[in-house]
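Pasting a structure below so you can have a look.
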């Protein structure tokens, strides 16, 4: 098959060099790499903020932050950065960009130029957020930005406006990215790559992209109203003008709950790939796995008010949201047990990515079952806005999702860089991080049950014990994080050359059929996929390295 | 491998400075808007707008050129259409937020603080059967003209397609004119509480979308005149037409929900 | 600087108190190294405990199940022990089981959960009403059924603490209710969103401008019960605690008389004293 393309593009355009290669990039791998770099920088900043938080909370009284507004700004910025500028860019922008085209046998994304603007808008959003933290008194509103605290009356300077526009800009980037992923996946699969043969990571990005596409605009609408309330005298959330602060909470959580699955679904996808690879078995219950994600995505849109049980919703409303929320445990359980079944009977190699995957499965369940407690409106009020919630969501996000990031990074670094990481070092890093985050977040369950509220820079003396333990955990986590950065450096400096497929017969997806590092252009010769999901012999020759 | 042919039907886009430049525009716009809102000068914001308009122009110019040079195979066209539909889906959710705000203020089953009396005391609403109804008719007609244009394009009737697209643009402009006139004669100010907030936000963003649609169709008008569209290949026009239908449907909802249902049970003067 | 002394004290205290958190003397106050919910002092909280105990068993059970399976799998199916992987990727029966069993567990959770929800929503009969108003950064309480008097309740700053008053929990004027009565709590706000919470009594409810939220309270035993503002409300969010005294009905009557008189003369002079607001840019 040859497709006549009139305009000739020259050699040079295929291999742009210098800064133009990056700034003007229309290459999914380069853009993916830039997303990962962005996530690494943001992780360091968001991490430093979290360590400052834990430092302040290590002891009662003023430890070193005597400006409580600043403490609130730290918490706000930490939440935003970790969610919007670490996890989303890394999992979706980074790994999604790199491996969705590779896995479906496409030469690039559907809209390469738009792909680039998604990256840059995300970066601009990050810069705006950092500016927000330093303008005036900063946004001390929490990442939920509830009015009236976030209104012009209580946050008069420009900080909250910067935060709002940060999310607007980054959100626009994510919406465009979502359009790109959906179109790529639906329109650019290689011949024979039917939907039901796609790797689960691709499925996870597909579902995630739909969540982004439908949830983010609602946040954008809410943010717009907040912005005009603050600056142009509308009264959507102003009681004095007939508005309703709780409206914001509905809009925010209508976005916010799907957002948490936006974070964890790509993680699910990565874990499926890793577990299957290192068990040397195909994924168990593939269709169930794929449609469980679809179900989670769907139900994720109708449970938002479980974040609002104490706001004065009617009792029947709360009963509905309780039931709807509980349902999510079923498809999630299907995923957990299917992973276990994938491993069952396998020939498991405990390489570092697999350690992270196993850690993910276990600790996600720990975080999930506390979610099930919170889902019950009848008991949520005992834990709402306490550290129990903080413990819950750090288990599912800061542990599980971050584990998937580490796991995915180690799994794919050979493919991305051509250098393999150092196994003993990676294992050591895993164990330090594993111990650290558990010491860090497990005691927060106790603090929460005992009634310690969130978002406080100082606490009654009875809470000191577990807080100190938690801060020690943060210290260990910090060491684990620094080890990870060292590992990155070590890989690039000393890493052994990676083979096309360093994992052996368990690694069956298409990215392992191309050389490492993956050439600038891949799948220029479309592979033809057979019923097993494997390319047919002779098809999909990789473009010769020029 | 300087190629005249490639072995797959997809479009490998050349590197482009526009995404980064557009982002710079968005950044300047955001910072400028904040400076402006905090009593600063407006021209930083204006500069941001200019950069964005400029990049929008050159970017789409490139797309048109690429299309003219044959990069848009039928597979690529399919992708473009899909992209447009997805974009429209996200726009629907954007309006969803404003309708939610409106229902939150009006339906007690949705919010405890919904108003018992709507419009709230002292607000004199528009008569839906006056200008708003006229605007409804205009938009409905424009839906018909754009469909006529679609048929003309598909039949390869260039003259008719130019005419019908032009007619649609004209109706869109007319709509915007009436909308502006209506805003000028509102009996309530922008800052006067929840009624004008919901009213102006929803209808204002709709008006903005009409404006975008008009620009989009105007571009198609000139492209149709330059014979860019063929019966087989006219994605740009199709996108504009779909967008226009979307804008049309949003208006129907606005008309029914805000203009008409919003004054059911209201007794008093109308504007 | 409170810190060092407290830490050492607490650590020693912890050894003494062990993990059995519920100190007897002050049931309504968190204890060092406490690991579970506050001891129940109201009908709602008793049921919360019951339900939480059920949840805890289920939670621990699921976690242990997954952990056990993982451990077994890693032990039994590692590459050394099991060099040749099986190729099974389907087992309909298993898949049905792990869909159906969670559903059953969820039903077991949902039934008592919903009963608890409806139980704690409102009581059938109220003896009287207390109106709670959140302000940046203190609470005020109004007793509409006892002459409609209002008083403010502000945190005791660190340097004015009396012996036995817990830091960041004690206030100058606690809210007082009689034991054994059903009290209707109406919660409103004056500025931003706050949340009025007393963990040992099983109440937490947002104080949102523009709406009145209702809960009820029934205290079993006399004593002091503490809580903290539970919605981020600005710089001093950490410093607007709730102190509730439950007293005998007679003592309550006496307190009402006294307080009404005292605050009648101080009407329109709300003590807007920012308690622990040392530091922080002035963002109101």
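To keep things simple, chains are lettered A, B and C as they appear, and every chain counts its residues starting from 1.
Keep this in mind: a contact is a pair of C-beta atoms (placed from the backbone, for glycine too) under 8 Å apart; a residue touches a chain by one contact, two chains touch by 3 or more.
All values reported here derive from a predicted model rather than from experimental measurement.
By number of C-beta pairs in contact, the leading pair of chains is A-C.
The chain closest to the protein's centre is A, with centres computed as averages of CA atoms. One finds 31 Å separating the Cα centroids of chain A and chain C.
Chain geometry summary: the mean Cα position of chain B and that of chain C are 49 Å apart.
With touch defined as above, residues shared between interfaces to two or more other chains in chain C number as follows: 210-211.
Looking at chain A, one finds that residues 239, 243-244, 246, 312 touch two or more other chains. Shared interface positions of chain B, defined as residues touching 2 or more other chains, are 112-113.
For chain C in complex with chain A, the residues that touch the partner chain are 1-3, 6-7, 10-11, 14, 21, 29-38, 45, 48, 51-52, 55, 58-59, 62-63, 66-67, 69-70, 73-74, 77-79, 82-91, 94-95, 98-99, 102-103, 106, 109-110, 112-121, 136, 158, 166-169, 191-193, 195, 197, 199, 202-206, 208-211, 213-214, 226-239, 276-284. Listing the residues of chain A that touch chain C in their complex gives 59-63, 66-70, 72, 136-137, 140-142, 146, 148-149, 153-156, 239, 243-246, 279-286, 288, 310-312, 315, 318-319, 322-323, 326-327, 329-330, 333-334, 336-338, 340-350, 358, 361-362, 365-366, 369-370, 372-373, 376-379, 381-382, 384-386, 446, 449-466, 468.
Residues 112-113 of chain B are the ones that touch chain C when the two sit in their complex.
The part of chain C that touches chain B in the complex is made up of residues 210-211. Chain contact summary for the complex, chain A toward chain B: residues 1-11, 13-14, 16, 20-21, 23-27, 106-108, 110-114, 116-117, 119-121, 123-124, 127-128, 131, 157-158, 161-162, 165-166, 168-169, 172, 175, 178-180, 182-184, 186-188, 213-218, 220-222, 224-225, 228, 230-236, 239, 241-244, 246-247, 250-251, 254, 312, 314, 521, 523-526, 543, 546.
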